[in-house]
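Note that chain A is present in both complexes that follow, paired respectively with chain B and with chain C.
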Partner chain A sequence: MKPRHLVGIWVLLLVLLGVSLLLANLGNVLLATTLIFGVAALKATLVALFYMRLKWEPGYIFAIIFTGLAVVLILFFTLVPDIIYVYGN
Partner chain B sequence: MKHRLGIWFFLGSEIAVFGGLIACYLLYRFRHPEWGLQAVHTLTGIGAINTVVLLTSSLTMILAHWFVEEDNFKSAANYLGMTILLGIVFLLFKSYEYHHEINQGLVPTKSLFWGFYYLMTGLHALHVIGGLVANGIIWTGLRKGFSTHRIESVGIYWHFVDVVWIFLFPLLYIASSGGAQ
Partner chain C sequence: MAIIGGYLAYLFRYQLAFPNEPVPGYGLVGPDQYNSFVTMHGTIMVFWVAMPILLSGFGNFLLPLMIGAGDMAFPRLNMTSYWVFFLSTVVLLLSFFVPGGSFSGGWTIYPPLSASPGYTGVIWGGHLWILAVALEFTSMLMGGINFLTTTVAMRAKGMGLFRLPIFVWMINIASILFMFSVGPLIAGAFMLLADRLFDVGFYLPASGGDPLLFQHLFWFFGHPEVYVLLLPALGIIAEIFPVFSRKPLFGYRTIIYSTLVAGLLSFIVWAHHQFISGIDPRLAAPFSVTTILISVPFAITLFAFIATLWRGSIRLTTSMLFALGMLAEFLVGGVTGIFNGSTAADIYIHDTLFVVAHFHYTLFPVTFIATFAGIYYWYPKMFGRFMNETWGKVHFWITIIGFNAVFLPMFAFGLAGHQRRIFDPTLFDYLQPYQYLHVIATVGLIVMLAGQIPFIINFFASLSRGKVVDRNPWLANTLEWLAPSPPGHGNFDQEPVVQRGPYEYSHPLLKERDWISQGEL
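== the complex of A and B ==
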């Protein structure tokens, strides 16, 4: 990628940051939180694909990343029963 | 390729560390909606400025890498120098935040929310410091005119630290203020 493309992605990231800050003022809490994390996921994807060059990496690099994410998901779902049964409904 | 594989294995474990913390935070947050009232005391403005600082440092980092590939080590050193400066600016703002919060009695033992806040932002700040040390080593090499592909590995690490902050910012600052409590 040429520097102008990299600068373009940076501008897009800053615009998305502005959008996140505006979304915080939405009246609907659930909708606001969902959209804010959606925008954060989009920003992270842009950084990972173009700055970390994941777009051009072979499949086994993705396998390493998804293994890490799988560990997090396992941790999350194994903790859910604790949260429900220890803290109540 | 070996160095890229190595850094990605390392980051795979880092995803589990930060992801685990974020997962625990989210689970507790679901159970404690009142954390929103505590979280409004975080300095959202400074958090936003720090997000801009880190995103900009990611840009200067990737530009430094681009110039290394063009064999233009002088420009690469300049951009890497900017990345280091921006990393220091991030830490200075973070220190100001800690100073402000601790002065208000918002210490890690104040509540579980503040415990998570200091743990997650503190661990992230340690990663920034680690990145600064690595960047400094590469910067010294570039200033001496050494071609080094290690800048790619250090860059991937630096961008990862940026990605972590991209999630920490809404978790601890934005989603806690205004209407999104």
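== the complex of A and C ==
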């Protein structure tokens, strides 16, 4: 990866930052939140792939990442019924 | 640390049997001290004795030897991890000497008790507890990464994944479990620290927080952690059984698969620790089911061990005795776990001495009995000499008898309604008729602690007086027995090339002897 490309990614990240700032002005709050989180996920992916060089790592790195994510999701979604139980509807 | 943990147990055990009498060798134990000793006993035994001995100690010594590697993949990371661990120990021990004393809200540091120093009067002790545990986990993570990398990258030629000794598998699965469970706890502990220092209110109901959240974060880690301790112990006895029954390990692959399944399941059972904490009752049923389900893969493993012993020509060396002892005692722990796992029964026995008895019947065999088995077995590899077998057997019988004397009465006591974490049981009339059980348990403990003296003497005396042995005194297959005893720098004289699986005993084609080394042509 040439430095030029890395700068390019950086510019892209800045543009995406601008996009999410603009999205904040959207009338529909739910839509805005969803889109902002989507853009943030995109940015995180770009950073991980290019700056953390995961794009050039062997496949099992992704297996590790996804296992971690799966475990977090288990924790998160099992807590939901409990939170609903404690705090009502 | 094991001695400190045991000493603390002695202090509060004595107080339970003879309330408000000065403990010989210490003095009077007050209620605050009692709480703090119980807390630190649990903390030390789980995080500063079991984990470092089983994972780091045995893992660092055996894992490279067993896969035919010269060293760990990252020797410097290993040193760092050791020093971070050392630092964590210093921080933990310091907490005994700060004003207010060491933390005293139980080793699970549940809020709200732990979230505000105001509740227990412990200020610095609590902060230091959190810091020490965070450091300790960091160190263990470094170690775990090292184990995984070493196993992936440094196996000797021919050492396929299904030729790895079970111990190596167990260490790796344990490291993975630790890696994926520790994050929420460290985060949760720092949130707790923020509550203590700045009253942020993650967990304090008064500040809008929810103490239950901490329980979820703690046990999401805490339950897999139990397996982090258990798996290396099972690995140790899995190495010992085939050698001293001269039979191949029964169901090698089945053990690996069922351990993986148990590992996965361990992430969805944690709320069985919260059946009576006021969680959603609809959550209790699935957690009850998964908890009881998890006993299936472990039952498979234990049956595989028993099948290994079946009709073997068993040699009752000291290490074999300890390995059998581990299996037997752990079985008691496992079976009583089913009671705790079913919601209905747990509502009655929760937080009684029944639970204390249950988890000691699992943790003590794991932490100490398996460790002793491993020490007697690998001592010749570590030092090139045998330990004395007669004294070893004396040590075994005192330990086993003492251990059962301490904890067997607690099942009965718990069913009689004795709550745990009680300072003075004589204050409750309905417990009076059973007070003698506390006396039995305490006498049992003193006998058991005294029984460790022959072991310590034996261990050090054998360094210079033990019978000198060659490389493979037990006639075992795995690679570590190909290396010189003690292994020098780089472990092996020449790089081993692996030809076959680790447990080839009693092979029909073998004529003169009943074993063939993994590295032999």
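Note that in this section the second predicted complex is superposed on the first by the 89 of 89 C-alpha atoms of A that agree within 3 Å, B and C clash if a C-alpha of one lies under 4 Å from a C-alpha of the other, contacts with A are read in each partner's own complex, and residues count from 1 in each chain.
Keep this in mind: a contact is a pair of C-beta atoms (placed from the backbone, for glycine too) under 8 Å apart; a residue touches a chain by one contact, two chains touch by 3 or more.
Here the structure is a predicted model, which is why all the values come from computation and not from measurement.
Novice: Which partner does A:Leu75 contact after superposing on A: first (chain B), second (chain C), both, neither?
Specialist: In the superposition, A:Leu75 contacts both chain B and chain C.
Novice: With both structures fitted on chain A, tell me whether chain B or chain C touches more of chain A's residues.
Specialist: It is B that touches the greater number of chain A residues.
Novice: Go through the superposed model and pick first if A:Asn28 touches only chain B, second if only chain C, both, or neither.
Specialist: In the superposition, A:Asn28 contacts chain B only.
Novice: A:Thr67 contacts which: chain B (first), chain C (second), both, neither?
Specialist: both
Novice: In the superposed arrangement, does A:Leu13 touch chain B (first), chain C (second), both or neither?
Specialist: first
Novice: Residues on chain A in contact with chain B in one complex and with chain C in the other?
Specialist: Common interface on chain A, chain B vs chain C: 67-68, 71-72, 75, 79.
Novice: Within the complex, which stretch of chain A touches chain B?
Specialist: Counting only chain A, the residues touching chain B are 1, 3, 6-7, 9-10, 13-14, 17, 20-21, 23-29, 32-33, 36-37, 39-40, 43-44, 47-48, 51-53, 57, 61, 64-65, 67-69, 71-72, 75-76, 79-80, 83, 87.
Novice: Quick one: which bits of chain B touch chain A in the complex? Just the residue numbers, please.
Specialist: Chain B residues touching chain A: 4-5, 8-9, 11-16, 19-20, 22-24, 26-28, 30-31, 44, 48, 51-52, 55-56, 58-59, 61-63, 66, 155-156, 159-160, 162-163, 166-167, 169-170, 174-175, 177-181.
Novice: Applying the document's contact rule, which stretches of chain C touch chain A when the two form their complex?
Specialist: Residues in contact with chain A: 180-181, 183-184, 210, 212-213, 216, 220, 267-268, 271, 278-280, 282-283.
Novice: List the residues on chain A that touch chain C in their complex, please.
Specialist: Touching chain C from chain A are residues 67-68, 71-72, 74-75, 78-79, 81-82, 84-86.
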